Structures are given as C-alpha cells and as structure tokens.
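What follows is subunit A paired twice: with subunit B in the first complex and subunit C in the second.
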Partner chain A sequence: MTEWVSPMTTLTGNLAKARRGLSPGGRGGARVRSRTLKSQTRFTFSAMLIPSVVLLVLINGYPLVYAGIQATHNGSLIEPGDFVGLDNFATILTSDAFWNAARFTLVFTVVGVFGSWAVGLALALLLRTTIPGRGIFKVLLLLPWIVPIVVSSTAWNWLVATPDSPMPALLGALGLGKPLFLADPTLAAITVCVFKVWVSFPFMMMMSSGALASVDDTLYEAASIDGASRYQQFTQITLPLIARPTYISWILMTVFCVNDFPTIYLLTTGGPVDATTSLVVYAYRTVFQDFRTGPGVAVAFLMTLTLVLVSTMLYRQIRRAHVE
Partner chain B sequence: MTSTPLTRRGFLGAAAATAAAPILAACGSSKSAGAASSGGGAGGVIKFWDMPWGTQAYTDASKKVTQSYVPAGKNLKASWQGIQWNNFYQTFASAIASKTGPAVSTGGGFQAFQFAEQGAIAMADNVVATMKTNGMYDDLLPGVLEPFHTKDGYVALPWQTDMRVLWYRKSLLDKAGVDVPTDWPSMLAAGKALKQIGVIGFCTGSGAGNFTGNHWTISMLINNGGGVWTPDGQVDVVNDRNLEAVEFMLEMVSAGVIDPGAVGYTSDNMDTQWKTGKTGFGLYVAYLPQRVGDTSGDIRVASPLTGPHGDKTALQFINNIMMYKNTPDQASSEAFVIYYLQSLKTYWQQALVGGIPVFKSITQLPEFTKDENAVKVATDYSPVAKTFAARGTASNANTAVLDGGQALNKFAQSIFTGKGDAKTILNEFGTGLQSAVK
Partner chain C sequence: MSAVVNRAVSTPGTARELRGRWWRFALILLITAVLLVPIAVVVLLSILPGASSTSSGFTFEHFGYVFGQTLAVTWIQNSLITTLVTVVLAVAVAAPAGYVLSRGRSRAVSAYSLLLFILQSLPIITSVVPLFILFADFGLADSLVGLTIVYVAATMAVATWMMAAYFDSIPVSLEEAAWIDGLSVFGSFLRVVLRNSLPGVLSTAIFAFLLSWNDYLVALVFLRSDVNFTLPIGVQSFFQQSSIDWGSVMALAVVMMLPPVLIFVALNKYFSISGIGGSLAGR
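Our next item is the complex of A and B:
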C-alpha cells in the first residue's frame, strides 16, 4: 500500500532539497533542477495570484478609473458630461472652502490620531497593572468603538446641544456659564475632535495592549536594577519596543480620520459656518448637495493622493523603527 | 480508500473558475436585469417607488393602494417599492443610470427638475389633460400645479404640500403679556417679552440634517418681497429687500430672540424645545403638535406674517409624483398616476400624512376639518404660499441646489451665529450659490 503524500508536501520537500542542493543526480543536475523548480514554483504562485489580482483590479480599479473620468468631466451622477481636463481640480484648489476643509481635516486628523493614541496607550498601560475588575474595565472601555456611530453621535448631541443638555447644565452649575458646544464654531470644532478621540481610543488601546504584551518584563526588571526611573523605562524601553505597532496604528488611524464621514456629519454636518467641514464632508456635500460631481470627485482624488503620500511616509518610518 | 492527488493545474483551474464565477454571474445578471427591467418595470409592470412620508402605517397604506390598482384595458399593473430618505438621490440616480429605476415615483421636492434636465423624466402633460376632463384639475388648490410647469411641459404632479408654518405656544405668550405676532415688529416685540420671562422667543435650527433654519431665512426674504432668483430664474441674492430682511434677522439674533443654540440644533433638539415648553414661537412643519405629541391644544398656528412692505406670504414645498421615460408603457404610467392621485384621500382619512392636501375635496373631508390647525394652514397659508423659486413661479434644477446646498446652509448659520454684517453674509451666499448653479 502506497502512503499518500500531499502535493504541497512534495512541492515544499523538493524546494527544500533544491535549496540545499541535495537532490539526487549530482550537484550540476541539482542546480538545473533547482532552477527549473524555482521557475515552475514562481510560475505556479504567480498564476495562483492572478484570480485575486483580477478581482482586486475589477473591484478597486473600475471605480477609480470611473472616478477619474468624473473628475475630468462636467457631468452628473447619471451622465458623464463634457471633458474639461483639469478644470475641476483648478476650481477646487482656488476655492477657500476647499482649503478651509483641508485645514480642519489636518487638525481633526492630528488630534484624532495622537489624542486617541495618548489616551489608548495610557489606558493600555493602566490595564497592565493588577486592578480588580480589569476584564470589566476592558469591555467597558471598548464600548465607544463598538457602539454604532449613529447611536453615539445622538448621545453626544443629547449631552451638549441645548442650554439644558447635561454638559452645559453641569458647567452652568459650576458657575462657568452654559456654553453651547455645537453653536460656537470654535467649540464645535473642539467638540468634534474630542468626539473623535472618544470614539477611537479603544482601537488604540487594543493596538497598544497587543504591542505591550510583546515586551519582555525582564527588561523592566533589569532596568530597575540598573536604577532606571519609571519615566526612563517608559521612554527608553516601552516606546522604542512598541514603535512599529505604534506607527502601524498611526497609519490606520490617519486613514480612519481623513476618511471619517459619519463622526462629523452626524454631529454637525460640517457646521456651524463650515467650522467642522472636513475634506470628505466637503466632497460629499459638493457631489450630493450641490450636485457638482466633477469638483467633488476631484476633492476625493486629492484626498486619496495625500493619504497615499502620508501612509508611505509613515510606512518608511516603520521600516526605520526596527529595534534589535 | 484511494485518494486522488490534486494537481497544480487542477487547483489553478478551480481557482480561476471560483474567481471568474462572480464576474460571469454579474455579467449574466446585468444582462438579464437589463432585459427584465426594460422600461422601469420588471416583467411588464409599472414600478412605483415611494418615499416614507409617514410612519409604517403610511408605508403599508401606500403599498396597499398600489397593489389594489386594477388597470383598465391593456394597461400594465403596478408594483410597489419603498425607498429610504437616506441617500435617496444616489439611489435614484444610480438606478436611472443603470436603467433599473422606477417608471413612477415620489421623491425629493425638486428631484423631477433635476432628472428632467438630464432627460430622464416623462412629461405629465397628458395626465394634466386627463385631469382637466375628469374634474381633478378644478379640484386642485390654487398655486400647486404651476411650479411644475416648464418650457418642456409638466415635470411632475403635486400630491401634498409641506408648508412652513408660524406656530406659537399660547400659554407662554399669555404669560409674557403679548399678542400673537402678525408682522415683523410684533414678532420682535413678542420675542423680547418672552425673553423677559426666561423663554426662548423664536425656535429654529440648522444643525445636522435640519433644514428648518434654512427655510426660515428664505421665507423671511420672500416675506419681504425678496428671494434669491429673478422672475426668470437667475441668481439675484444681493438686493435691497434681501438686505433689509437679513438685517432684521440679525437684529433678532442680537436681541436674543432667536435661540442661541439654534445653529447647532437638530430637528430632535427643536422638538424637545417645543415639547418642554421652552420656546414661544417659531417656524416649523404643518403638523407640529402631532410631531411632538402635544395634545394640549396650547401649540397653535398663527396667521402668515405681513412683511414691512405689505407682503403676506408663506413658504411651501410641494411634494410630487413624477414619471420616467424608462417605462415599459407610458400610457400605463399615466393611468397609474391618475389612479394614485384619486386614491390620495385615504392618507388623510387615516391621518397617515402631515402635509396639506392639494385637492380641495380632501380639505373638506371631516377627518381633515376636525384639525383646526390644519384647516387654518389650508385656508390662510395655502393661498399666499410661494416656493423656493420665488420671485419666479416655476422651479428648476437650480432650486434643488438652493434647497439642500452648502450655500444656503452657510447663509442660515452665518445669521444664527450673528457674526458678520448683512451685506457680507449676502455676498457670500450669492457667491456660493452662483458657483453651484448651472
């Protein structure tokens, strides 16, 4: 009776033999067979990738190409219209509303990424310590991330919108007046950013918890013996050792923030007076409220370009962050 | 037991088939969908898409009305499909572009004009002609059909009006010792008196998803004999009448008559202010007591305000039903629309909608006349009501840009924050609107 051998086992076995040059038939024959095998394997793996690549191109490529057509035409959602070259890009790049949205996007992203990271990391560090009910805290702290944004935005609106809402009422009771958080442009911008941090910190907490779990405790013990303070341990051991996952979480959160539509739209719709209009909200309103498809899609294109650049920069940072 | 080794070629073939299957299926379904949906009606049925104009009870009734339709002669039957307001424009646009859209639909107030501009709307002139022969035309309330008349014909037909009405809470006005406002000075005076007793005078809002504030600002421009269009539909924002109206609205803001939180208020926030008796008066939808669940009779309709130059006006949005060129049979679409308009009274008989009917006969139904507020809106507001198209009469695709666009929202919010002078605010509004219209 012949024992069944998996084709993958044969393939990998042959590969391993080829790599070691141990296949029968002498050394010269081994090299030839090794080259043949490598070539066949490369072909096989490439061919196996083709279906996925085709699907990815169809799923991502088609909308991208179609968006490119829309960005260079003056049409609508129904008809492409006439070719206008880069006119739509020129229109938005000379628009104050676009730059206002770009500025807020930058602020929103910086606060969203670093604010949620700082809170998330602090809580992750706290959860490493032995405290009663740690598991319950973990679950509770995840709630802002888990709860649908429609629900949390309604809750935040209830908290801050009217003079009788809990937050203004509380501040009023403390003698600090009754600030209307969504009525004042500056306060609204702050509120939206804080809301974003609140929604996002659980994600950062989870990422940081995962990263911290990989740090060997003996390093801290050794550092303590050497007389390192807690702060020194944090800056010299913890931060460098979690640098790579931290950069990854920054990249992800940057993408989340720049593309974040519901957090802003559901709480303020970009107001008051455009104070919280980000680029994605601006693009949406331009396409679906002003019905200017070309300029709106052009905004989306510029956003994509910016995101790719920022992500690439941060990705390069990850490669540099390798710690021996 | 014998096992068959999986060859690489076999594996690749299976992988390719798996990958290609959805694509091939998509191509296949696309073709078949195209064939089946030829003419806005799968299988030779008139596809009717309706919006949720009321609660689930309305939706059920609309479905029942459609399914009860028995076409005469060779006319086709109708099918019903509910469409949500969320992203409704995208839903219609993508369906029309892929030729899978409806043959007949309700929708956004100015949707018909937008799709007519893109060549997707079937004009309703034949329906109007039929209505002239069967008495329905004469039954229409004044001013509800004209806004749909364009140079190419009638783009849609009205089925209810969504009026913006001045409401007041009687007990609060009594407490403040003021009469119901009838004009601008008395509105300002009432607001100041209400403020004296710790009540917000005028409730409005332009927060997330709330267009009430936008509507109030436009209604004030119109009430002053202004508006943002010339009679022939050109943008005309910066003019003396509009300037005067904006200056007055800014005065209301600086006097603390308008709710200081208005700029961030959602509809829910406004409902709360009304429900909890925190506001004295304000412009809102025609079914406010029902909306906030107030059965005390304390919330009442005031008469339309008289502007400084004697204009007595109101703002209305005329909800409409439209037909599309993508239909299996235009005559069947028209027959269904006639049937649907004839069936409208059931919605008011069952109190399923909050708008004002467009047919006189429905306003005379006992189920309608028992609501004093609704009758007052129909008798006082409907005759003087104007649309966003004022100073013109017919709307167009640009009216949709004004309605939901960024320029108007920013205009209203600029007024409510009270930052900037009237001319600057109007200039910005004009520039923003001009850049968006075609």
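Our next item is the complex of A and C:
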C-alpha cells in the first residue's frame, strides 16, 4: 500500500487547487444544475461502457452463441454441416476419452490449486520474518510466474524429457534407475502437475503476502503471552484471518487450472497415451487434429456451462462473505 | 549491516534471534536456488558452446545464429507490435469501463460486473474456434490484427476490474470539487481520476503485457505462416526440426523472457495482484 502514497499526495494537491478555483456563485449554480447533471452522468457512463460492451458482444458473446450452433452440428472448420441435435453431447458423454480427460483435469486442478497454495503460503510466511535480502528473494521467487510458459517448458523438457536428460541421469547415478518422466503415464501426470505447481506458486505467494500484510502482529504477541504454540497461532489466528483472500485465490487458481492449455500441451502434448490430456487439450485435439468441430466444441461448451454455474455460485458466495 | 546489528541489540535474546535469521536466510537461499534451476538452465545453455562448436567458455554464437539465420527478428517485431497495441487498447477500453464500475451504483452496473466475472472464467478454447472461422472470412485468421483483437477481448474483464479497484481508492470528493468547477463527468475522469491513477494503469498494462506476450494457445490456432509467428510459436517451431538445437532454442528463449522479466523487476512495486481479489469481492 505504501507505494500508492505518492499519487495520493498529488491528489490532495489537486484538491487544494480545486477548492481555490471555487467562484462565489459556484455552490448555488451546482445545486440548480444537479438534476441535469444526473441524466448527463447516466449518458456519460453509458458512453464510457460502449467500447467494452462492443468487444464483449462481438469477441466474447458472439463466439459463444456460434459455439452453441457448432456443438449441435456435425460440421468441420470449413463446412457448417447438418443439425444433429444433441448427438455430439451424447457421443462425448459416452466416450472413455472424455471421462479420462475430465478425470485428469480434476487431478490437475486439485493438485495445482492446493499444491501451489501450500508452497506459496509457506514461502510467504517465511518471507514475512526478518531475513537478510528479503526483497531480492521476493522478486526472484516470482520469476517462475513471470517467465513465459513456452520458455520454462523448454527448460523442463531439457531437464526431464529423455533417459539421458540431467534429471534421470542424476537419479540414475544415485542408483534410483532412470525414470522416464514424460514417457511413463503416471510419472508424466505427476511431472505435469509438479510443473503447474512450479509455475503457479508465485501467484499464490503474492496473494498470501497481500493477505498476511493485513494481519495485526500484536495478535501473535497476545497469543504467545497466553501460551499458544506456533502451530496453534497458525491455525487459530493466521488461517482464519486470511480465510477470505485465500478463498478468492483458490477460486482464481481453479479457473486458471481448468482453462490451462500451454502448461500441459507444451510439456507432453497430452501424452503418453492421453495420460495428461485435460479437457482443454482434448477439445483442441478434437477440433484441430481430428477435425471434428462438433464434438470438440461440445466439450468446450460443457466446460463453459460448468464454469458459468460454478463461478456464479462462487461469486454470490464471495459477495455474501464480503457483507458479513 | 550496522542497521541489522542495531536492531538485533535492541531486541531480547539477541544471539538466538540473529542465528535464526541466518538459518532462515540459508533455507530461503537453498529453496530459491532449487526453484530457479530451470531458468538458470535456459540462460546457461544459450551461452555455452554447442557440440559442434570450436569455441570454449562462453559464446554468443547461438544468438548470432538465431538473429542471422532464422526469422527471429521478424518474430520479435510481431510480438512487440501485438503486445504494445494490446496494452494500449486494453487500458483505453478498461479504464472508462472500470470507472463506471467503480462509481456507478445501479443494477445494470452490477449485472455487467457479474457478466465480466463469468466471461473471464470461460475457457478461451470455446471462443477461439468460432473466432477462427469468423476471422477467416475477413482475412484476419492468419494475421496479427486478428490476434490483437482477441487479446484485447481476453484481457478486458480482468483489466476492467483492476482499473475499478484502483479507482475505488480515489475519493469521490475530489471529483465533486472538479464538477463544481464546471468539469463534466468525463472531463473529471480524464483530468482528475485518470491523471492520479498511474499505479492502477501500470498494473493493468503489465497484466495485459504478460497475457499477450506469453500467450500460446490463440497464436497457435490463428497463426499459420512463419512470417506472422509471434515469439512463443517461433520458439516452438524450433522443436519441429528433426534434431533439437538446444543452444538456439535457449537463445531465443532468453530473448523472449527478457522483456517480461525486466518490466516486472522495474515496475514490480506497482503491480498489485491482490487488487484483483479485492475488486472481485467488492462488487
């Protein structure tokens, strides 16, 4: 918050200027004008929303409607195809590949959200104490989130992809065999999840740091006088006090994980044998590699519906939590 | 150093406290070192000579190859143009909309806020397929213009919230003073609110920058010809060759990660991620 102080001082400067500029008749004039001001305000507000609404309708809204049409047709990227009702949905909902992708998405999301939260919160707590060079570590630890996924996935590939890569070679030298991180289905799934946690923990660290900054230090002093252990202080004071921001960060990360494409696709392209195919990767492959637009868009559409329902519910809940 | 010692002296249990501090330093140093291995790998491989190279020690031969023999310069230009236009447009669209969200207290405004919330949670793959077909009709499919439009739309929801969250922190009384002075609502938005919102604007700009600079999916779907590639697709295209030349890949990767890292390190203090959460809860 401190970095926002300097503009606030300019603000007060402006305020003083505005006050000085008040003419003697200013106040009366404002009162007379207030009604026209209100309708004028409404007009201005609408005008200010126009660019946003236009983009929303054309680039966000229209494709959704069109996706609905595609999902009920058996077309391709070039041909619109014929209306087939809900056949595409029936096809996917009865296919193993879809449920396989749904299951991996669930695992990926749960590990991604709670893994990155645990690491992020732990680091945020550690960085809250007095450590020499704390500011530098804070910036350095954000790098995994700042560096483009294309770049970091390249590095991860180099580290683990083949049996002769550094990581398997290192484990081999330690007598642990040479694990095929991206060729074994289970190991590949684990590797992708670990990669996601590595990419996302800085986000959680930032969210947690922000939340922790608002926790009053004197509470801990009082608690330690009362004889509360470190662990008790954490579960009884820290966690309840950062509950709401934590909740928000979980929601955001859930959305990030469910919608994630590059983290998975760049590391494994969904393989081996679909072991790391999430719903988004599945939809992408169905449309752009199998050229089956209908089922692919239907998958995306199902995800969309689920996310709309879930996010509307969560939105309500956050608002309620805010009112309390 | 003396400051540290002074503070340590003033607290009880000095020696223990000081030792704990250095233990934590060692711990965080180790964690950071391990976590940054992949990033160090990128930098190292880009400056270490390749297998067929005659030079020893550090070398810039990979950079020379990438800039001289590939389309890297074109890709960098493409990425820069797309990203800069996205940043400018995203702020230009999100700032006024965020202002309305921050100041307007009507049902319609709340509904619009909810709509934005839903939109940002939708998988981009849903809209990418229809947009690809739509843009193909207008010749925008394999083009940077089309890509930029999609990026602006994709950043809009979060950018609008970030702006709204910042505007919330600017007192309305300031504007009232400006209105009495005879400024219109839009005039006071431009001259009073926006002029004092540099941190908010920067925050939003960094967000839009990161999104469009790092995007892979939209570019993968839209861009077909290699002269139109942005950097992510360019880096990936090196992998499609039969044997991967790691030195060149990493050299281009270094080029790609420099701008976001530099911008973030320089403007880090302005970027408030928790603002997103706050605005989420506030409306």
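The criterion applied here is as follows: the second predicted complex is superposed on the first by the 250 of 324 C-alpha atoms of A that agree within 3 Å, B and C clash if a C-alpha of one lies under 4 Å from a C-alpha of the other, contacts with A are read in each partner's own complex, and residues count from 1 in each chain.
The rule is short, and it goes like this: a residue touches a chain if its C-beta (ideal position, glycine included) is under 8 Å from a C-beta of that chain, and two chains touch if they have at least 3 such contacts.
Nothing here was measured: the structure is a model prediction, and the numbers come from that model.
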{"item": "Partner chain in contact with A:Val280 - subunit B first, subunit C second, else both or neither", "value": "second"}
{"item": "Touching partner for A:Leu266 - first (subunit B), second (subunit C), both, neither", "value": "both"}
{"item": "Touching partner for A:Leu77 - first (subunit B), second (subunit C), both, neither", "value": "both"}
{"item": "First, second, both or neither for A:Pro51, with subunit B first and subunit C second", "value": "both"}
{"item": "Touched partner set for A:Leu123, first subunit B, second subunit C, both or neither", "value": "second"}
{"item": "Contacts of A:Pro245 with subunit B and subunit C, given as first, second, both or neither", "value": "second"}
{"item": "Which superposed partner A:Phe288 touches (first subunit B, second subunit C, both, neither)", "value": "both"}
{"item": "Touching partner for A:Pro132 - first (subunit B), second (subunit C), both, neither", "value": "second"}
{"item": "Partner contacting more residues of subunit A (subunit B vs subunit C)", "value": "C"}
{"item": "Contact residues of subunit A, present in both the subunit B and the subunit C interface", "value": "4, 7, 44, 47-48, 51-52, 55, 58, 77, 154, 265-266, 288"}
{"item": "In the complex, subunit C residues that touch subunit A", "value": "4, 21-22, 24-25, 27-29, 31-32, 35-39, 41-42, 45, 92-94, 96-97, 99-100, 103-104, 109, 112, 114-134, 149-150, 152-153, 156, 160, 169-171, 173-174, 177-181, 184-186, 189, 192, 196-199, 210, 213-214, 216-217, 221, 231-232, 235-236, 246, 249-250, 253, 256-257, 260-261, 264-265, 268-270, 272-274, 276-277, 280-283"}
{"item": "Subunit B residues touching subunit A - in the complex, by the definition given at the top", "value": "3, 5-8, 11-12, 15-16, 18-20, 22-23, 87, 89-90, 93-94, 96-97, 114-115, 118, 120, 206-209, 260-266, 268-269, 272-273, 276, 278, 397, 400-401, 404-407, 409-410, 413-414, 416-417, 419, 436"}
{"item": "Complex interface listing, subunit A residues touching subunit C", "value": "3-4, 7, 10-11, 14-15, 18-19, 21-22, 26-27, 30, 37, 40-41, 44-45, 47-49, 51-53, 55-56, 58-60, 62-64, 66-67, 70, 77, 123, 126-127, 129-133, 137, 139-144, 146-152, 154-156, 158-159, 198, 203, 206-207, 210-211, 244-245, 248-249, 251-252, 255, 258-259, 261-262, 265-266, 279-280, 283-284, 287-288, 293, 296-297, 300-301, 303-304, 307-308, 310-312, 315, 318-319, 321-322"}
{"item": "Touching residues on subunit A, where the partner in the complex is subunit B", "value": "4-5, 7, 44, 47-48, 50-52, 54-55, 58, 76-79, 97, 153-154, 157, 161-164, 180-185, 188, 265-269, 271-274, 285-286, 288-292"}
